[in-house]
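In the two complexes below, chain A is the common chain; its partner is chain B in one and chain C in the other.
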Partner chain A sequence: MSTLTIPNPISTFVPSVFLDAPPWDHAGLPGWFAASQLSAWKSFIGLAMPGRKDENWRFANVAGLQFDTFKRGAAASVPDFTGLEKVAARVVTRNDGVVSQQASAISGLEVLTLREALAKYPAELERHLATPDTGLGGTKFAALHQAQLRDAVVVKVSEKTEVADPVEIVHWLSGENASAFPRTIILAGTRSKVTVVEHHLSAGGDAGLNCGAAQIFTERGAQVSYVHLNRLNAASKSLHFSTLRCEREAAVRYAQFNLGGGYVRSEALSQVAGEGSRSDMLSVSLASADQEIDQRTRQDHLSPRGFSDLLYKNVLFNRGKTIFAGLIRVDQGAQFTDAYQKCRNLLLSDDCEANSMPGLEINADQVKCSHGSTSGRLNEEEVFYFQARGIQRQAAEHMISLGFTQEVVSRIGQDAVEALVFSAIEARFAELKG
Partner chain B sequence: MNATLDALELDAATLSAVDIDRTAGDFSYPENHTYDAGFGLSEATIDYICDVKNDPSWVREFRKKALKVFNEKPMPTNWATSDLENIDFQKIRYYLSSGATPKRSWDDVPEDVKRTFERLGIPEQERKFLAGVEAQFDSEAAYSNIQKAVSDQGVIFVNSTEGLKEHEEIFRPWFGKVIPTGDNKFSALNSAVFSGGSFIYVPKGVKVKHPLQAYFRINSENFGQFERTLIIVDEGAEVMYMEGCTAPKFETSTLHSAVVELVAMKGAKIQYVTVQNWSANVFNLVTKRGIAHEDAEVRWIDCNIGSRLTMKYPGVIMKGRRARGEVISIALANNGQHQDTGAKMIHAADETTSNIVSKSISIGKGRSTYRGQVHIPKHLKGCKNNTECDALLINSSSRTDTYPAITVRGNQHACQHEASVSQVSAEQIFYMQQRGLSEAEAMSLSVNGFVNDLVREFPMEYSVELKRLIDLEMEGSVG
Partner chain C sequence: MILEIKDLHASIGDRQILKGLTLTLPIGQVAAIMGPNGSGKSTLSKVLAGHEDYTVTSGEVLMDGRNLLEMPVDDRSRAGFFLAFQYPMEIPGVSNANFLRAALQSRMPEGEQIDAVQFYQTMYKKMDLLKMDRSFTGRSVNEGFSGGEKKRNEILQMLMLEPRYAVLDETDSGLDIDALKIVSEGVNLMRSPQRGILLITHYQRLLDYIKPDVVHVLSDGRIVKTGGAELALELEERGYDWLKAA
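After this line comes the complex of A and B, so read on.
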């Protein structure tokens, strides 16, 4: 099968421009992959748009989901970018095309393109390269992502390989109304260890659509850290779907930092699937101007003795709006589960809006579960403490807000990555305050 | 250790002293209704109800409009349990009564109805500590009385039918204003076929010393009870209202769908206490909401022990400055039960504060759910909310869910929410067993300890009964 025929739209909502693109070339790719893309495209067209009454889109501005203008444009050049100093491997892409690549020199660590991975590990890819549906409402757009997928970064770590330095992935969105569908797949072997840092950036001020996904698969005792830094421009829209699967004794740390984008929707499903596995989900989002940052999460406990913890912090400026909807679900039989969830909103303006919907669904006993959500302003006493020591109010507020995010950043657990993330947050703060 | 064996070891006197008759509500008398609207719901049903009740034309119109809304609205199964689909609205009788005028004297109440309420201890309680009592039997109030001293202060306590006829000037401006017909499918249903319920008006500055009480009783099979309560408490006045509910165990399911509207004028205080102990085949779908004006306070104290499915989210709209809303709730879900309860706090003025404390216990295959909404809109200053939800799971097949939704706009507010799910720890049980308590007793004690700080909020007579009810529900759940 070399080409696919794209069915005609039956819904009014189809980014028409995608149809103008020639059917993509599947030459040399396995038939199941082409079939999966075709069926994803069909379900994208067939599925209804999320409505206002849809519980998974509660409080969301569904009108923001208009992507008609976006296209697969020719990419302009991208600026230089300084990321991490020491990396195990690096991939830079622009609108889904690889720009530069620094291959891994570590035996046991492979960073592959989609074609390379399909050729080398067809069986594993067939198992894992499905539509990244999280079940959190964005099925239609996860299908869009799958159908439009051109490339992916596959990070494969072999058994007992511990990679000290992070793998860095940089995704540029460049050109007017450009669109990109970046996908990261992490396959961590038994007792392996790896950190992946992913940047999403806009090359200029043009509007763009970034509809990406990350999937993390572990084997027994693997340890994976995935850090997602969204620094798109304010004109761009970002949709992101993450699925984490923690097998027996594995530990996955997922950290998402939303420091940009105009409309941001992020869905993350963490499956605490194996006995004694652990999942950490972390996030800092800074919402300003007319930004809407909509995060939906689910901690799914499927086996006994699992541990999961979630800490999402939002700082809201101007007319910023955030939505957090998180669910801890403990399956029948998942006894001795420890699951925690906390969402904290710091409201810095009179016009911002924070929505929180923390949720619990517990179907087993012998569990320890709790969730908490707070929304409030800066503590006046803390500001006063600074002022009493000669620090101006504005500087004090700045420091306290930064400190608020530090609790999350410090849990990444790798100094170089923490420093990178923290400086990105600081830069964004300076932008918003200035 | 075996719980039942332990219970047998107690001597008969102790047993009768600590025990209450769990089957107190499980009896029924043969039906003897003068008026029966028959099965199913249509315009004709509404006309029948209006004719029997001799409703004014505006009420007839109101009902018919509500019926349309009810028919148009879908079941809220997009977020609620699909068990709702098991309600067959055409297999329910919407109006049953033996006359629309309640009796003022206990002696005039028909013999079997009187026996019903005597078995439930109503007249006894009235003599003891209540300022007024209303007892509703199926669709209509069978007995309604208010102590003379209280009525002399100008307090009105009648059923809703009498309220809308005799006190239209107070009743009509607020009726359906706190909970509009179209609020949800079941408020629309209630608006179409409502009958019974209380109307209370407390004049300015009057503080009703003793609680007013209503008792709701379903006696007939396949019957839907749709009482409508409206309480208006004028400036600076205070009242406490209590309601209790029971029904016998029928084979088929029964529907109870009430609408309760509270209006607290400037500086007024309303406390609304519910102890719901419906039998396990009752669908209990209730809409309750209060408006609190400046400096006013509305408190819902809610205890749900019975029913097959309860969906109840008491709400407070804090409309005036410094208004305060509170929901305190205890839910206990045993086998085959789903307690879907919660609270709604709508802040609509500066410096308003609200507090929600919810505790639930799931036993056996029981399921308890907390669903809440806190809304603090823009341009308000100094609003505060505190929400605490704690759930206790007793058995491995018990289930609990928490679904709050919190919206805060602007930086002048403080809002916190906390929920936890836990278990009675094995160490705690062991500690008590070591000191000679059986496992069942230890469990019961732990559960009572879990809800103790909330039980204290109930009036004394209720909190004692509540503790015993919890003990009974706990019986046989361990060991």
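After this line comes the complex of A and C, so read on.
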């Protein structure tokens, strides 16, 4: 199982550092999982690199997709980290290895490693542990993620279990040219409720590759909040693939905050699959210097009476670059759909670049849909109002820009999480301004 | 101590609006400026506050001897000048408490922080005077506020910042009678021998609640008449045309 003949890759990306992969031990793991990893590896090798003309990579700097130098991360120490004060469970990993774990003491909530989950819930895992392909362009890298997967955090909430405090997951990337492939799988039972807060951090200034995925599965009436905080260093590259599946009457809130990373590509597919289900997708990204933050989304309405809302906000400093491409797609049968999508860019410099590509594809006739994108500078009348109260221009700009992000943060819906996210945004602002 | 406006000429774009406005506001005085639409009332307030759309072509404004027009906008405020906006801005995502706190913080010496407990106590006391609900502190500045709430908020800011010279630009416009009474009470509370207040208004109605010491009439960019409180009543009866002709 540990040797594999690699066909000639049709790509400029020489996966040399991963050539010996997948070398890990599949002993004791189900055959289907080993097969899935090997087949993902073949896909990764076989799929072409994205090109400039590829619609799903429009405006993207595909030259940034150079991962040749990255390797499996060696163990290194991990700094202290203060996250949420009250949690239902906590997992800390470093380069995909669990460093510490505070198990759940709540009945009905399980936070498991991949091996534990495979042993305990083989059938569910077999259904859900596939390549996290969003269909938004990054199939090759989703396959890389699947093939390189060493561990995962599986959050399983049983029927009618409401977990008050969040589950916190902390992923460290540590060491020179380290790579990690963190995966979160949330399985929310009927009418259950859970919040998962996930941090992605660099242990130092070294370059790293973070290629992760999150998958959210719901059963009827489940409510899931997933909050993703990317605070990787500027030398790091991050690719992330999220899939959300909202079954009947379920509600999933997905919130992504990109406060770090040099090259960031994030794809999120939300399937409003069950009747009367709801999806909220939220994001704040701060792009500075030579950062590129590239976000692609899709709100897929598959059943009647679904609701989805997306609000992505970008704040751009100096030479920062962002890309937003979002599609609302309403299936023929998805009557009485309400779907909204809004991307707003705040440009704080003359050299930044914000690209927005909102889109609609509606195949049903009884729907309410709107989408839009705006880009603008600070409103001078607002700045004047602050100044007229004695507040210096710089402080005014700072407060107005932070206020711009607050609309998103306040929709997370949990005070402790909102406070954590807001202070992270504030800290990043201070860094960029200072 | 006095705010002196001397032969002020100001324009917006190519349009000359203030054409030699001269006016003094001694500390301790409450004065009203009345005038028809387009006479330059709002231009005066914007010029005093330092809005960049307006160009001062000649004349000067001295605040206790300091050249107000040469000061940056935020300096004017910290030096004791206050403008209550006719159309206060909405600032999404910035709470009223944080806004007021930043305004007070800007007045502190470098390295010193305002006392948070004392700040809230003071703010609550002043909000009570203006019959403002406590939930107001957490709401975004003016966002989704009614016209009356916005004006009340301007008065709260004035109460918190305690300026030496305050200009209230049509603070009465858009207010129903209850809101007008509350706002007027707030202004009357601010009446002090240590403060000059200039009420800019189109209507005499506000002056039923705030009795001015002096009434100035502004017409075509100049003060054309100055009198006592009774002048406002006369204007109410006779309109402005008789002054234009004069």
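Keep in mind that, in the parts below, the second predicted complex is superposed on the first by the 418 of 434 C-alpha atoms of A that agree within 3 Å, B and C clash if a C-alpha of one lies under 4 Å from a C-alpha of the other, contacts with A are read in each partner's own complex, and residues count from 1 in each chain.
Definition applied: a residue touches a chain if its C-beta (ideal position, glycine included) is under 8 Å from a C-beta of that chain, and two chains touch if they have at least 3 such contacts.
Quick caveat, the model's predicted, so the values are computed rather than measured.
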Which of chain B and chain C A:D290 touches, first, second, both or neither: neither
Chain B versus chain C as contact partner of A:E116, first or second or both or neither: neither
Partner chain in contact with A:M399 - chain B first, chain C second, else both or neither: second
Partner chain in contact with A:E426 - chain B first, chain C second, else both or neither: neither
Contacts of A:E162 with chain B and chain C, given as first, second, both or neither: neither
First (chain B), second (chain C), both or neither touched by A:F59: first
Contacts of A:R389 with chain B and chain C, given as first, second, both or neither: second
Partner, of chain C and chain B, that touches more residues belonging to chain A: B
First, second, both or neither for A:V367, with chain B first and chain C second: first
Chain B and chain C contact sites that coincide on chain A, given as residue numbers: none
Touching residues (chain side chain A, partner chain B) in the complex: 53-55, 58-59, 316, 332, 335, 345, 347-378
Chain C-touching residues of chain A, taken from the complex the two chains share: 379-382, 384-393, 395, 399-400, 402-407, 410
Touching residues (chain side chain B, partner chain A) in the complex: 78-79, 378-379, 391, 393-423
Residue ranges of chain C in contact with chain A within the complex: 49-52, 72-74, 76-78, 83, 85, 88-89, 91-94, 98-99, 102-103, 106-107, 140, 157, 161
